[in-house]
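We just call them A, B, C, D, E and F in the order they show up, numbering each chain from 1.
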């Protein structure tokens, strides 16, 4: 049974557009609040896009996703999961960042996630560009490599950009594998597509053992078979889930930095995420919502709904672990 | 044979962007015009969103749908139906409304539809929020409960909001069933999805006998089987058809108040509506186009095209009844 | 006293966003309607931009201005004029046009204005690009050259474009002077600005006797002195008034084809138009509203309000002539 | 000296786009929090537009103004006032509202402001449509009529709409005068303009003794003289200040329900508000920001900056009263 | 092996948003440059929409597609084709046009394509409205009728508009067949849909022998069977490919003049174009991107990606021909 | 007399929306082209916003300003200057940048400007955020401190952000003074406004001798007196001019990162820049156009027009120096 302090405000009492916008209308609990000890799952914003090589703006993602997430209701019609009844969920605010210093920001983000991790809170984060997954993993996967379910149009396992720049939103998972945070043999990437600059870069991940299900194979297999393959690759050990909104077709998520046409529908994405039920999930993130490239806010709304789907399977996983 | 007074202006003579925007470039016929006696099907706007619990703006729907509907041509390529050759169609203008008084507006709308009904005109309406279906049904279904084909992301059979408010766009069909305007056993709802606040509210409709085909079942059955099921449930007796644009996925209809991702494509919607051919349709509506949430007008354009599809099956049904 | 058939619908009875959008919520009267004989001032749309040398879209102007003009109320607070109490006003619809044939369109437009002129109706038109003033003048100034008050960023007295093209929105008043429709000595242009391709073209108008008050002189003189100068130049003989929305600074009218920064404010424009009171106005137009370049509709709203200001002084002038 | 609990987060430590958006990055203090006793000035949202007769959307105003207000810094360069150093300021959240019931909402809003008033907190509110000023005044002016500085394009002293509807955003101050909440002889309205439906309605306010400085007189007098006139009319007794963003020209505030061209610039508005220094201000509001009609958020940004200007003079007034 | 002069700038050296925007970051080579002799495939813009019967703006297509095309990378992940390694590709700039003279423009365009053709360069063009295909075909198909793969919502084989206008974007292929430029028996049209004004016009093309795969048949057959049918109809002789972005569903390409709901997805379009491999392609175009109707630029981005897909199959075809 | 190679394409021959977009339709001349020796003034883009502390996007400025600048004509109506007749002007392309490394980017930019400087070319740059002025000054002012005319809402002389970050768009001119690139006694800042975080930071610049004309003083003095003061402060020695578009009121330039209401009009800005005639200008820039925050492109259009005004006075200054 969850604690009533952590119930989201319901839209049948206060309209959903009303009130200060926190993630899913949950209470804001700062890391130094007394209530922090009761939190099971913490929703965190990482307002930073300093790793972006092309179109910026993902720094504005957390705030707009918070706004859109006030549309969220409780019970998942498809799975029956009510995450707020499973676990005490809270909005932990945003991480500190330094918009003009990349390495400083990586350090600040990792520091906050180490504190979250020490409180035993499972983090569900909202980026920010995809580089933000790296400092999160540095905090929560430091005890050994974890598996990962990775939805994306891009592998993000490139080596370097613009000469010798190692840290960009195209490189986080190469760094994470190099640093022993991810076990490439337990990593699966779904939705990969788009043209390439060269072949060598793209082969690196598969040579490490990553299972890449590109968009052609995704269509050939279909959603149920892809879900089976995800479970086969990731197995029962701890795993992280990361969802880059550019996995979706740009019509669903135009507000992102590096769109690629021919992507997932939201219907497919919802079913894929629901299919993660049963994995041993220790955290997740949703990244690359870039509000300036979608003034309508529709991308953030899609992101917020998928964030809720991620929360459902993470909460269910946490409940399972606790027995 | 229809009357030449009711032919829409053709775009090969006057470009489609030209001229005063009436529904489908039909003549405007006021209820007190002499021509009203010749009208078979009346297109009517209900510019009102006072039942909206979240994002407003559907009051602006009729005007923007009128504008977009000037893109309409005559002959349905798929079905061969030319509604303007079947029936005398006209734009009857908008209902009176009172934007600051909900009950007053319900009364004003019902009064106008009673007049339309007395003229023997089949109404095809453009909302407005979904509450507008209630005052329409009060006028045209007062002789006994009718069946209904209901496309929507939401059941709209909730009981009350914000304490004791009975009339909102989330409650019209609960009220209609309570008032004996709808026969719940002849009601079918297609496209239902999205998370819920609680389970009890959602079960009410199915307990009354409504056939709910939620989005998962829709995908499992496929369009042809869903069409068969609609015909099985609704049967041959008089039926109403109501299309909430949020039945569509938000990429097709972002300009609406309560979007839910993972919805119908326009291709599916077109085929579902075409599948209504053969039903005994006594009226219909298309609701929840909210222009302020889609300045591009694309939602209204989608709405206008589906309005044309609804007109085709309603005109064909009316022609069939007349033999 | 005006005829009650020509009263605009009031927003305190039917909200201003409701109903079919005609100019200022006036009745639509076709040229072949019996009511046409009672019309004093006809509002007409010319949905055409075939003379545009740069960014198109003014063809959509009349419809969006109609929509925005439903915000209009009756009594001008500043001048006390109620144009609807002065004269019988009506929306005469749009002229026929041929979007792919420039000369054909000029002929179609002139033909409709000749009919309007024969009915003794004073036309107030909404473009369309600025070339549309030419076919209007051909119909209403054929009995001799008239004066003109011309608000614009550009003189529109260029000779030819793209080789030998004589008819563009940059040339109408050169053609009108050449055709004897305008008396250049009674023409005054206000708001001219922007860089030039060459000096020769710009001097032509002044050499004919046009009084050019460019934006620098406008600021130096101030609104009251400019109004005096307009009256001095135009005098008491019949005159036409044409308002290109690019006379305004682009912040007020971004939805236009050839914006030039540093233009008039709407406050200045309102006062300038009000200052036309006392002129002998035989018609007017408001042109170059290009909706695709301002999806917000704000330019059309500005245009509609200035159209109302034009209507006030034209109606007052007509009332004065009638004594 | 103010309490450090109430210091806004500074943008040189955490970037201004980061973190949960409260008004001016102030702490959220609920009415039942212990910290409420220390609050001097409470910023409150009233997310409601049920009194709107035309274009809705002001219900979304508080949230978007909160977002934009995170751009706020501390010290007013022009006046030197640092409101956060003068007074303990906090975000008190939004009032409860019922989007489908006007009278219920008025009661809910008044109840919350009565509680605020009992805590001795000076309220600075963000609407919502202009009707929201009425329930606020019912709570804070119940001990006797107060004066008012009213910036607006409209007098909002109409009697009734759509038949017999007494409560709309066009009528709040007529009701407030009738209810003895405002002393009309100490009310000054600045910026009034736009056409009228009839003369009688407009004369009512002036007959009660309201000092109307319409836009023509505003320009004739100039800002310093208008400020003097405001002080002369309002005097030293308690006064309320209400700023409808449609007082501004629509280029500055397109996101509003009833724009009127030819309005105030933001520069003029800033100077007018700064000129209120020295008045005995007991509360204020900024209303009619309607986000759906300005997806850019620029109107909200303007609103947030003027809200800060209002806060400066209210904080200075409160400091003066406390000596 | 291709010439290094023709390598596109890579985004890992200079970010993709940087630099002057040419098609796919290729060098600009004017027809009178010495480098022109080395060019195999020339990308050309045709900035003209004078054939548009409804919503204009396609004249702005080439520039916005250039901008979006800077996102292009080299190697097609699905097919392995690297067009820039196959052939020397260059941006040849835009054709001359006359925005106010249709026939003059047709002549100017044909003249430029004759020069391109004489240089032995295969043209891949970006419109412009669909009429631009006609002057291209006049230059490159003058030696005898060619086949054509035509993706579109409309057949564009109408006869005339607005009386006797023969040249519009609805008529180019009727003219091309009449002029002996196309062999109708080797023309296949895919994606045709939408209502019709009359039946006669639509039958003309099929009577000439065109193979029309309308959207219903497309869905019934599926992508692989449609590809087979394309190859069967077009055969091995020279063929042109033309892609009107309104073949896509409007959610993918809202920025177009004549949208029709229920169209192709980008995923389907990508696979269809990839299926053209093996045809003997002598040129192609992508038309009807109308930037003013999609300020987001997303339509241009979709267009640019499909342009790259077209380039891949054209380059592969050219390589095959050269052995 | 200038060289015909450097004449911009005229819009009366090729429409202004046509062709590859270079700055003002000038030829692109790379630094290693032979033509570079003939260039007098080089227009350069610096596509970088890594110094931005708040809303990013100025990296996209150069491309969108290029697009908008194709609207430019030759002869300045107000001053008579034709910059293209004074000097050989060319587009030199964009500088190299590294979007994920601030210090690397500063070095790359300086390196390119050193080469430009060695060619004796006067640079006129388009940012990019305001930090880009620093690496430019490092290249062109290394022989001794220069004067500067600085239009901005902010002084940009802060010390550090987010702890110890020295290089941001809020600090360039403090660094430039510290590095001896600027002589603070010959620096004048116009348009400063907005609230402050603390007083100390703001005083620094004035303590160094900078002449700050804040917006209040600007209005008190008026344009002619401000121009005199600029000339008095800057004198006859070499000077740089930098125009941050946030000097303008946000209605004119919403597409920028840190807007402040109450700013300059474009009319005032045009006249201020024209007033720089007679200064000894050695370069200039226009910065902080952020396209993602103004999808309409209007900010870029304003920026392009002011860029042309800057070019006029720089070209005139260069001609004067050459005698």
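Please note the rule applied: contacts are C-beta pairs under 8 Å (C-beta built on N, C-alpha and C of every residue); 3 or more make two chains touch, one makes a residue touch a chain.
None of the values given here were measured: they were computed from a predicted structure.
Enquirer: Under the document's definition of touching, what chains do chain A and chain C have as common neighbours?
Expert: Of all the chains present, those in contact with both chain A and chain C are B, D, E, F.
Enquirer: Do the two copies chain C and chain F share over half of their interface residue numbers, or under half; same or different?
Expert: Mostly different residues: under half of the interface numbers shared.
Enquirer: Using C-alpha centres only, name the chain that sits farthest from chain E.
Expert: Chain centre farthest from chain E's centre: D.
Enquirer: Centroid from C-alpha atoms only, then distance chain C to chain D, rounded to Å. What do you get?
Expert: 39
Enquirer: Quick check: what residues of chain F touch more than one other chain, meaning two or more?
Expert: 13, 15, 17, 53-55, 59-60, 99, 161-162, 251, 293, 295-296
Enquirer: Linking chains that touch, what shape results: line, ring, star, complete or other?
Expert: It is other, because the touches fit no line, ring, star or complete pattern.
Enquirer: For this entry, which pairs of chains touch?
Expert: The list of touching pairs comes to A-B, A-D, A-E, A-F, B-C, B-D, B-E, C-D, C-E, C-F, D-F, E-F.
Enquirer: Quick check on the complex: what are the chain A residues that touch chain E?
Expert: The contact residues of chain A facing chain E are 53-55, 161-162, 192-199, 202, 214-216, 219, 249-251, 254, 258-263, 293-294.
Enquirer: Help me check something: in the complex, which residues belonging to chain C touch chain B?
Expert: Residues 13-15, 17-22, 28, 45, 47, 59-60, 62-63, 66-67, 91, 93-94, 96-97, 99, 295-296 of chain C touch chain B in their complex.
Enquirer: Which residues of chain A touch chain B in their complex?
Expert: 10-13, 15-17, 71-78, 251-252, 265-267, 270, 296, 298, 301-302, 305-306, 308
Enquirer: Touching chain B in the complex: which residues of chain D?
Expert: Checking each residue of chain D against chain B gives 49-57, 59-60, 98-102, 104, 161-163, 165, 167-168, 292-293, 295.
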